[in-house]
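The following pair of complexes shares a single chain, chain A, combined with chain B in the former and chain C in the latter.
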Partner chain A sequence: MVKKILLVVLMAFFMLMLLPFAKDFQAFEKLSPTAEKYVQDGPKELGGANLVSSVIVTYRGLDTLGEVAVLFIAAAGVGFFLRREGKNEKAARRQASQILFSGTAFLFPLILVFGVYIFLHGHLTPGGGFQGGVVIATAFVLLLLTDVSASINNSVLHLVESLSGASYVAIGILGLVLAAGFLDNRFLELGEFGSLISAGAIPLIYSFIGLKVGAELVGIVDNMREVRS
Partner chain B sequence: MTLITYLGFILILVGLWGMLTNKNIIKIIIGFSIVDTGVHLVMVSIGYLKDRTAPILDSAVLKADAVNQVVDPIPSALVLTAIVIGLAVTALMLSYAIKLYEKNKTLDISTFKELKW
Partner chain C sequence: MTTVLIIVLGVIMIVAAILALVQKSLLSAVIAAGAVSLLASILYLVLAAPDVAMTEAAIGSGLTTLVFLFALNKIRKEDKNG
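Up next, the complex of A and B:
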């Protein structure tokens, strides 16, 4: 009872803490100066039609590198906690239904292609490396749901993950050497605005991010799936 | 102040309530995810400007007039980062939960005595 009252008091306190922010908040009438600069100069400077991608990949590229690093550390942590000790016994499970089997066989390549589409078009349409990577990971989750005994080749996964991570940093350094700064996308031709091969290195960087995120999430799911007695 | 902001605050409070009242560690993680979603909604709605569209240039939003037509791209970019970090943190918490369940055969946090004094 005392606990309940304390909880209610605590929640009321939280509500009071959020209230001034909700009450006094003034909606912006126009873009902040930083955003205005990004919107005004971004298309000309970087050639990307999707300004959010331009901000993520180039203007705030270092943040994104840190974000990828956090994701990597989390994936490594999951792998560390759930590492397999000795041989693991596969739990006997009911076979997946025919619907799931046929659905996976039909959808798996389509989902993969859709994921690749999302990260290749990250500089033009809503989407990008992280979203594309997650879509690719869902294809593998579907595969693992269908076939319990399916095993994912871990060395291929690690190879894709480390190669794309290393290439991401290498592209960043190329930008430092050939263009204005770390992760600058302008060492490649900007190309025609709005076409697939444009915006310099943004599609390239997003492809590597997509592969890396996809491989990491598949690794996380694969680690969590292991059933031990 | 849009409706979305208030919904975000409500989600934050709901998630906190769920984290504080539940003893099942999986439910606590779900509460954390709800708080996470609420924070994302608040952040996105701060960057929203009335009657404007997504910061993606095409035939409808021309380069020259984009400044008057698009919402702030920076909160969107930040939220994208926050979503990915939230996903990573949730995965890590779930792996703790799996390990704790393996060790104690229960998800009830009141039986976890290791850090109590």
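Up next, the complex of A and C:
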């Protein structure tokens, strides 16, 4: 009883604390100076038709590198704690239904291509490396759900992940050496605005992020799936 | 019109979130939590943030739900053994 009263009092207290945010809320009438600079100069400087993702990988590229590092640490943590010890005995699992089998056979290539499309067109349409990588991971998850005996080749996964991570940083350093700063995309030709090969290094960076995120998430799910016997 | 849609989505999200809390069965709770994410992704789409919506739909309602389900499966197996 006392517990419940305390809980209600606590919730009321939090609501009171949040009240000023609701009361004094006012929509922004104009962009902040930084945002205004991005909007005005971004398309010209970066050459990407999708301003949001162009800003994410260039002006705010260091933040994105940090996010990728956080995801890497999370994947490494899952891999460490859920490591399979000794020999890997296949637990008896129920076979997937026919619907899942046929659905996966049909959808797997489509989802894979869609994921690649999302990160290759990151500088043109909404989306980017993260989204594309996650979509690729969901395709593999579908495969793992369907085929209970399927196993992912871990060394290939690690190779893809490390190579794309290293290439991402290498591109950042190339930008530092050849252009204005770390993760500057302008050491490659900006090209024609709105075409697939444009916006300098942005499609390249997004491809590496997409591969890295996809490999990491597949690794996480693969680790979670295995039942330690 | 958009405001009405946002309010409706918000109300359903709150209901789903409460369901996820009070649900006795863990499986239903996980699925309710996934539904919150799915509705949130629609909300982001309405608020003109398609890239965030994409991430939310794929990670929030897809992978997170799945990871929870795998974890649930694991806990049950260990319960049975131990």
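Here, the second predicted complex is superposed on the first by the 228 of 229 C-alpha atoms of A that agree within 3 Å, B and C clash if a C-alpha of one lies under 4 Å from a C-alpha of the other, contacts with A are read in each partner's own complex, and residues count from 1 in each chain.
As a convention for this text, contacts are C-beta pairs under 8 Å (C-beta built on N, C-alpha and C of every residue); 3 or more make two chains touch, one makes a residue touch a chain.
All of these numbers come straight from a predicted model, not from anything done at the bench.
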item: First, second, both or neither for A:T138, with chain B first and chain C second; value: second
item: Of chain C and chain B, partner touching more chain A residues; value: B
item: Partner chain(s) touched by A:I118 [first = chain B, second = chain C, both, neither]; value: second
item: Contacts of A:F130 with chain B and chain C, given as first, second, both or neither; value: both
item: First (chain B), second (chain C), both or neither touched by A:L176; value: neither
item: First (chain B), second (chain C), both or neither touched by A:F28; value: first
item: Chain B versus chain C as contact partner of A:D63, first or second or both or neither; value: first
item: Which superposed partner A:L157 touches (first chain B, second chain C, both, neither); value: neither
item: Which superposed partner A:R225 touches (first chain B, second chain C, both, neither); value: second
item: Overlap of chain C and chain B interfaces on chain A (superposed complexes); value: 52, 126, 128, 130, 134, 220, 224
item: Contact footprint of chain A on chain C as seen in their complex; value: 50-51, 54-55, 58-59, 62-63, 66-67, 70-71, 73-74, 77
item: For the chain A and chain C complex, residues of the former touching the latter; value: 52-53, 91, 118, 126-128, 130-131, 134-135, 137-138, 141, 217, 220-221, 224-225, 227
item: Chain B-facing residues of chain A, complex; value: 7, 10-11, 14-15, 18, 22, 25, 27-32, 34-36, 38-40, 43-44, 49-52, 54-56, 60, 63-64, 67, 70-71, 73-75, 77-78, 81-82, 124-126, 128, 130, 134, 193-194, 213, 220, 223-224, 228
item: Residues on chain B engaged by chain A in the complex (per definition of touch); value: 1-2, 5-6, 9, 12-13, 16-17, 20-21, 46, 48-50, 54-58, 63, 66-68, 70, 72-74, 76-77, 80-81, 83-85, 87-89, 91-92, 94-96, 98-99, 102
